[in-house]
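As written, the chain order gives the labels A, B, C, D and E, with residue 1 at the start of each chain.
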C-alpha cells in the first residue's frame, strides 16, 4: 500500500476557525468516502489538515511543508483569499494542485498559476451580482460602501463599486475599517448621508456587530454583503439587527443543492462526526475535496493505475469533470475557474435565512 | 572677588579665571533655589561651595553642567557661554562632575564605567567601530589606558574588573571621581565627595583632591559639609544660604564670618575646632 | 532588646556578614562603626528584615525575628532610617511622614507626631507640600529621620544619620538622638562614619571589619583605642 | 575587602565533549537526512518509516539536529570539532536535507530572518534599553522597498502617474527639492540654536521635520512622475539583479525611517516610548494598507522577484536541486552571509565606544549625559542600526515569500520578536539568536506539527491540539521565563548582575520570594532595560 | 453641507466618542493600577477584562428568562464579573509576576504576553464546550431603547438632551454612569485613603514601604484585585455597549486603552479617564474627517476615513507627548540629581 495524501489548508485556530474547521471537516468526509476506492487501487488515502490561522505567512509556511512532503498530491484550501494567493504561489513550483472551496478574489486565479483552481464564483461575478441586487430588487439610488481592509473584503467592494458606478448609482461613502467592536463614527456618517442601502464587504463576525449597532441607532436600510456573511453566527451576533440583510454567496445553502438527498446524507454524517450542523463552507469543503480526489483518480488512471506525479495531478485537475457533488458538476476553465458556477442571493429576515434567487455564472473564457 | 584677594598659587602659567558665573538664578515654581549668584573660579585652584541643607548648592552645580536650565544668568568657561548647552556638550567643553547621590552604571565593571567617561574624547566613530579601523583600535586603547590610569590614580586599580555596585560606598565615590577625570576636564565639580566616608578615608580623599589639582592640573570645585576637609583644602570658599551668596573669601575669613556661623557652622564651630587642622596641614603639603 | 547570634548574611555569593554576635540592651544607645564595606549597613538590613540571614538568628525582645518579613518586624516597634534615605519621591513631605505612621491608627497621634517632626526640622514644615524627590540631599535626610520617628519606635536603627547634613544639623541630630533616648527610652542602634560623635553619645560600641566584630565594649574605651583611632578617626 | 568577589571566576573544569558532540552530530544528521529522504525512508521497515514520517517526530528530529549547533557552540570541545560540526551542519547537511524537503530550508531562512530581527531589536532594547514595540515596521519598510520594485507594482505606479499628472513631474520634483533644502537648513539652524527646547523651538522643530518628510516625499514623487512620463510599464518589475542594490537601499530606507520615527519620540522615557513605537509601527502597516497606489493595499504585492546567480544555480542543479528550489537554496546562503555580517557588526558595536554608550544610557541617562554621551544621537544610532537589520531582512523576506501584504507586519510580530530577545537573553548575541530559533521552530514547526500529527485522531475540536497553539506557546513562554528569567543564554553582564553563577545554597535566588523580595539591592541593582530607565534605587531618590 | 446639518452631526460624533471613551477609560484604569505598582504593562489585562465580559454574558444569559428587574440583573452581572476578574488577576500576579519581582522588567512583560495567550485559549475552550464562540449579550428589555434623541419621546433630561442633538441609548447612559461611579470610587480610594497612600508608596519603593510596616505583597495583591475588578466592570460595559465579545476581543481595545492610559499620563487615574475620553473623541473625529473635508471643501481630507481612526489616534498621541512627555495629566517625573 502506497500512502497517498491530500492536504487541507484553512484556519483551525483564531477567530475564523469556525469556518476553517468546516472546510477541513467537509474534506475529511469526502476523503472517508473515497478511502475504499483508493485502497482497491493500492493506495492508502488520507487527509492532513494544516492550520493557516487566516494569516498569509503561516499559510505559506504550511504550503512549504506540503510542498516538501512528496506523498501529498493536492490541496484543498484555503478559506481566505489573502492566504490562498501566497500559498498557491509557494506550491506552484512543486506543481501541487490546489482546489479552493471558498476563495473568491479575482487575483486568486488571475495570476495564471497552473496549480490554482476554485469551485466558487469570482468576486467579479459576486460584486456585480450584489450591485444588481442593490439596484434591482432593493431599488437603491445611493449606496454606502464599507470593507474590512482585507484582500477579500476590499477586493469584493472594488467590484461592487465598479458595477454601481457603471449604473450611475450614487456612492454615499466608501471606506474600510479594521475595527471589530466600535462603529460609531461610521454609523454617524451613514446617518448623515442617508444612503438607500449599505454594502459591506467583510466577514460576519465584524458585520454582525456592525449591523446590530446600526439598527440600534435607528438605521434600518438594507445591508448587503458577500459570502463572508454565510454563517449562522451572523444571526447570533446581529440578533434582530441582522434583519433586512442580504448577501451573495458562492457556497450553496441546503435548499439550493442539486443533490438534496445526498446532501442530507452528508449533513447527517457531518453532525454525527463533529457534533455540529454542516454549513456552506462545510459543503464546499466536501465538494472541493471530492473534485480534488476525482482529479487525483483521473491522474492515476492516466498514469496506468500507478502513483502519478504531482505534475500529472496538476494537469488532470484542470481537465477533470467532477460529478456527484452537492453543488453540481465541476469543470475548470483554462484559468482554473469553475466553468459554470452558481451564486445565491440569500436574505435574512426574522432571524431566518432564505434563498432569494440563484444566479448562474458562466466563465467568460474556456 | 578682586584679583588681589585671590590666593597666589605660585603657578604663573595657571593664572586667570577658568569659570565665571554671573547672576545665576534658578526658580522652581515659586521657590528660588539659587538666587543671582556670581562666582569666579581661578584656574588650577580648589574652591568650595558650602551652605546649609537646601541652600541651592547642588542646584547650582546642576545649572553649570546643563542638567537644569538656569532661569537666568550666564556661565562662562574660558570665555565660552555654556548656558543652553546639553550636559554632554558641557562635558565636552571641559567640565566634569560627580553626583551627590552616586550614579554609576550598575552593570558595568569599574573599568568600563571609567571608559564611558572617555566617550567624548575618543576620535573613532560609528564607522570606525564597525570596520575596526586603526583609529578604532587607537581609541579603544586610549580609553582603556586612560581608564586604568584614572583607576590607579584614585587607588581603585585592583577593582578594575569588579562590578561598580559591588564596591563599598566610599570606593564608589572615588570611582565616580575617576570617571569624571577620564573626560579630561578643565574643571571638575565634586558634590559632597566625602559623604559616607570616615575621617580616615576623608584624609585620603583630601590628598586625592590635591593630586587632582597638582598632578593633573585640573581645577576643582567642591560642595562639602565636612568642614575639616573644606577648611584645609579650599583656597577660596563661597557660602550660599537660601539660594543667595551670603559670604565668600578665604577659609579663615569665612570661618569667622558671623553670618556663616549662624546659618551654617553652629555654635562654637569657628573658634578652632576646624581651624587647627588648617594650620597643621595647609597648602598642599600632602601632594 | 535586641540580640544577634552568629549572623551570616550574603549578597548573592558575597559573604557580607560572617557571624556577627552583638547585644543591644534595652534603652541604650549602641554605636556600630567600621570602615567602608565593613558590613554596618548589612547588619542593620539584616535586623530589620530587608535581608534574611543565612545562618544565625536575630532576637528582638526574646523573639526570633530572622526570616520574618520587614513589615512585620516594623510592626513590633522597630524603625529603620535606611542608607540612602529612601524617601518616596512622588509623595509630598507630609505624605512621606504620614506613610511613616502607616501602622498608627489614631489620626490625632499622627498629626501630633508630624508637628513634632516639624519642630525638629522646621525646613520640613516650610516644604510640607513639596515632593519628597525634589528635596535636597540634606532635606531628604531630615525627612527620613522624621519619618522614622512617626511610630515612636522602641528600637531605632539609624544608618549614617548625619550624612549630607550641614554641621549645624549634625549637632541637631545628635541632640535628638540623646533626647529620644533620654526622654522616651528609645533604644538606638547607630551606624556612623562620624565615629567620634557616635562614640560620644553611645554607651557601648561595636567595631566591624570585613563582616566580623573586631572590637566591642564600652564606647569611651573604644574611642580611646589606638587602632580604632588610627583606622576610623583619621588620626595617625 | 575580602567580601569583594574576585573579578573572574576560575574556569570550571568540564570534561571535553568533542567526541560526544561529533557522535551526536552524526546521529542527528543521519536521522534528519533519513527522515527527509523518501527514497531512504521507503527502505526502512514501514513501522519505523511511519514513525519518522509523523509530523511531530519529523519536527523533533529537525529540532534535535539544529540543537547540535547549540551544543557545538556551548559545549566544551576542541575547536576543530566545533567548527566541523557547525560548518558541516550549516553548509552540507542542512542544504542537503533542504533539497529533499524545502520546508527545512524555509525554516532555516525564517530562523535567519528572525535572528537578524532579534539582533536588531536587541540593540535597541537589550543594549540601549529603549522598549520598541513597533519594530516590525522596519521589516515592512525593507520588504516593501524591494516588493514594490521587484514586482510589477512599480509598473503600476508608473502607469498611474503617467495617466495622472505626469507632466507635473518637474514642478513637483523642484518643489520637493526646495522644500527639502529649506527645511533641512532650518532644522540645522534650530539645532544650532543653543538652549533647551522651548515650546516654540519644539514647534519649529516639528514643522521643519514635517517639512523635511514632505520634501522627501514630493521629491520622490516628482522623480517618479518624471520617470513615469517616459516609462512604458514594467510588468515584472525591474531587473531582479537590482536585488543586490536593494539590499543596501533597504538598509538605508529602514534606517531613515528609524531616524524619522526616532527623532520626535526618543526624548520620551520608558513606556511612553513603548506605546509610541507601537503606534508608529501600526501607522506604517496601516499606510501600507491604505496607500494602494504604491503598495497595492490589502491585496498585497505578488509575484516578487529574486536575484539569481547563474553559476550558483548551475551548482545547485549539479547537486540535485530542482529549479524551483534554486531560489530558496540561494536565499539560504544569502541569509547565512547576512547573518554573519550582522553578528559581526553587532559584536563590534557592542564592544566599542558606542556599545558602552548604549549601556550607559540604559543604566542611567543623566549620568551618561554628564559623562559626555549625547543622548538623542546615541539613541538614534541604536534605532537606526536596529532598523537597518530589519530592513535588509525585509528584502530577503519579500524575495523568499514572493508575496507581501500588510498582514505580515502586524503588532503581534513585533511582540513575537521581543519575546525572542527576552527569551534568549537580553543583550546577549548568542542568546537572542537562540531565542529566535526556539520561537521560530515552535511557531512554524513544532506547534503546527502537533496539530498535524493528531489530525487523524478524533479529538473534540475544543481541545484539539491543532487549536491549542496559543495555549501551548503561551505556557512555554511563561514557563521559560519563570525558570530562566535571565534568558536562555544570558549575556555576561546579565549573568553577573543576576548572580547566575552563585553557589546553589544562595538564598537570594529570585524564586525565594522573601529573601529576594526584601533584598533592596536585588531590586535596585537588577538593570531594567526598556520600560523605564529608572530603577528602584533612583525612585528612592537616594544613594544606591 | 450647511451648518444646520453639520452641527448636530458633530455633536453626535463627539457624544458617541465620549461614550466610547468611557469604556476605554475603565479598561485603562485597570492597566494604570497595575502599572502604577509594578511598572508592568499587564498584557493579560485584556483577557482579564474579556473574562469579565464573558461572566457578564453568562449572567445575562442565565437570567434571560427570569422576571427580575433589568437593573438588578446588571448589578449581579457587574458584581460577578468584578469578583471573577479580580480573583483571576490576583492569580495571575501570584503565578506569573510575583516570582519575577526582581527580574529585569521585560521578563514579566513576556510572561504577561504568555498569560494573555493562555487565557485566550482557555476562554475559547470553556465557551467552546457549549458550542459558543462569539458571545452576544442578551440584554434586559429597555436597555437598547433610546434614552434621548431627536425624535424620542423621553421625558425630562432625555428630552432636553435630545433637543440639543444628543441621542443616547439607555445602555449607553448606563455605561457612562457606571464608569463615572467606578472612577469616583477609585479616585477616592487611591488618593484620599490610607490604603491608597500605601499603594502609592509601594509603587514607588517596595522595599522602603516594608520599612514603614506596609505589607508590600498584600498591597500588590490588593492592587491586582482592584485592577481586575475594574477589568470586570469594563468587560460588562464593553458587552453592553458593543453587544458581542469573543475570546480574542480583548486585544484591540486593550491596546487602545493602554494608549489612553499613556496619553493621560500613565499611573494617573484622572489621566487614564481623560486619555480614554480624548482618544474616543479623536478616533471618532478622525473617522469623519472625510465628511468635514467635504463640508469645508478640502479635497485632500477626503482620504482620511475610518481606516485611519486608529493610527490617527496614535499620531495625536505622538503630538501630545512631544509637548507633554509625561502625558496629559502625568506628573513630570522630577528626578533630583
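Keep this in mind: contacts are C-beta pairs under 8 Å (C-beta built on N, C-alpha and C of every residue); 3 or more make two chains touch, one makes a residue touch a chain.
Here's who's who by UniProt: B, C = ABC transporter ATP-binding protein; D, E = Branched-chain amino acid ABC transporter permease.
What you are looking at is a predicted structure, and each value in this text was computed from that prediction instead of being measured.
Least step count on the touch graph, subunit A to subunit E: 1. Once CA atoms are averaged chain by chain and compared with the all-protein CA average, the nearest chain turns out to be D. A count of contacting C-beta pairs for B-D and for B-C identifies B-D as the more extensively joined pair. Relative to the C-alpha centre of subunit E, the farthest chain centre belongs to B. Centre-to-centre spacing of subunit D and subunit E amounts to 32 Å, using the average Cα coordinate of each chain. Mean C-alpha position of subunit A lies 35 Å from that of subunit D.
In whole angstrom, the spacing between the mean C-alpha positions of subunit C and subunit E is 45.
One inter-chain figure worth recording: subunit A and subunit B are separated by 75 Å, centre to centre, where each centre is the mean of the chain's CA atoms. Multi-chain contact residues of subunit D (touching two or more other chains): 1, 4-5, 289-290, 366, 461, 467-468, 470, 494, 517-521, 527, 539-544. Annotation for subunit C: residues touching 2 or more other chains are 11, 14, 37, 49-50, 69-70, 82-84, 86, 88-90, 133-136.
With touch defined as above, residues shared between interfaces to two or more other chains in subunit B number as follows: 58, 67, 99-101, 103, 166-169, 196. Across the complex, subunit E meets subunit A through its residues 5, 9, 12-13, 16-17, 19-20, 131, 133-134, 136, 144, 146, 149, 167, 169, 238, 242-244, 246, 248-249, 252-253, 283-288, 290-291, 305-307, 309-310. Of all residues in subunit D, only 36, 38, 55, 100-104, 106, 110, 289-290, 297-300, 302-303, 323-325, 401-403, 405, 407-408, 444, 448, 451-452, 455-456, 458, 460-461, 464, 466-470 touch subunit A in the complex they form. Note for the complex: subunit B touches subunit D at residues 65, 67, 69, 81, 83-89, 91-92, 96-97, 99, 101-109, 112, 115-122, 124, 126, 129-130, 132, 136, 139-140, 143, 159-163, 165-169, 172, 179-180, 183, 196. Only residues 48-50, 69-72, 74-75, 79-80, 82, 86, 88-91, 95, 98-100, 102-103, 131, 133-136, 147, 151 of subunit C touch subunit E when the two sit together in their complex. Subunit B meets subunit C in the complex at residues 28, 31, 51-55, 57-59, 100-101, 166-171, 192, 195-203, 225, 227, 263-267, 269.
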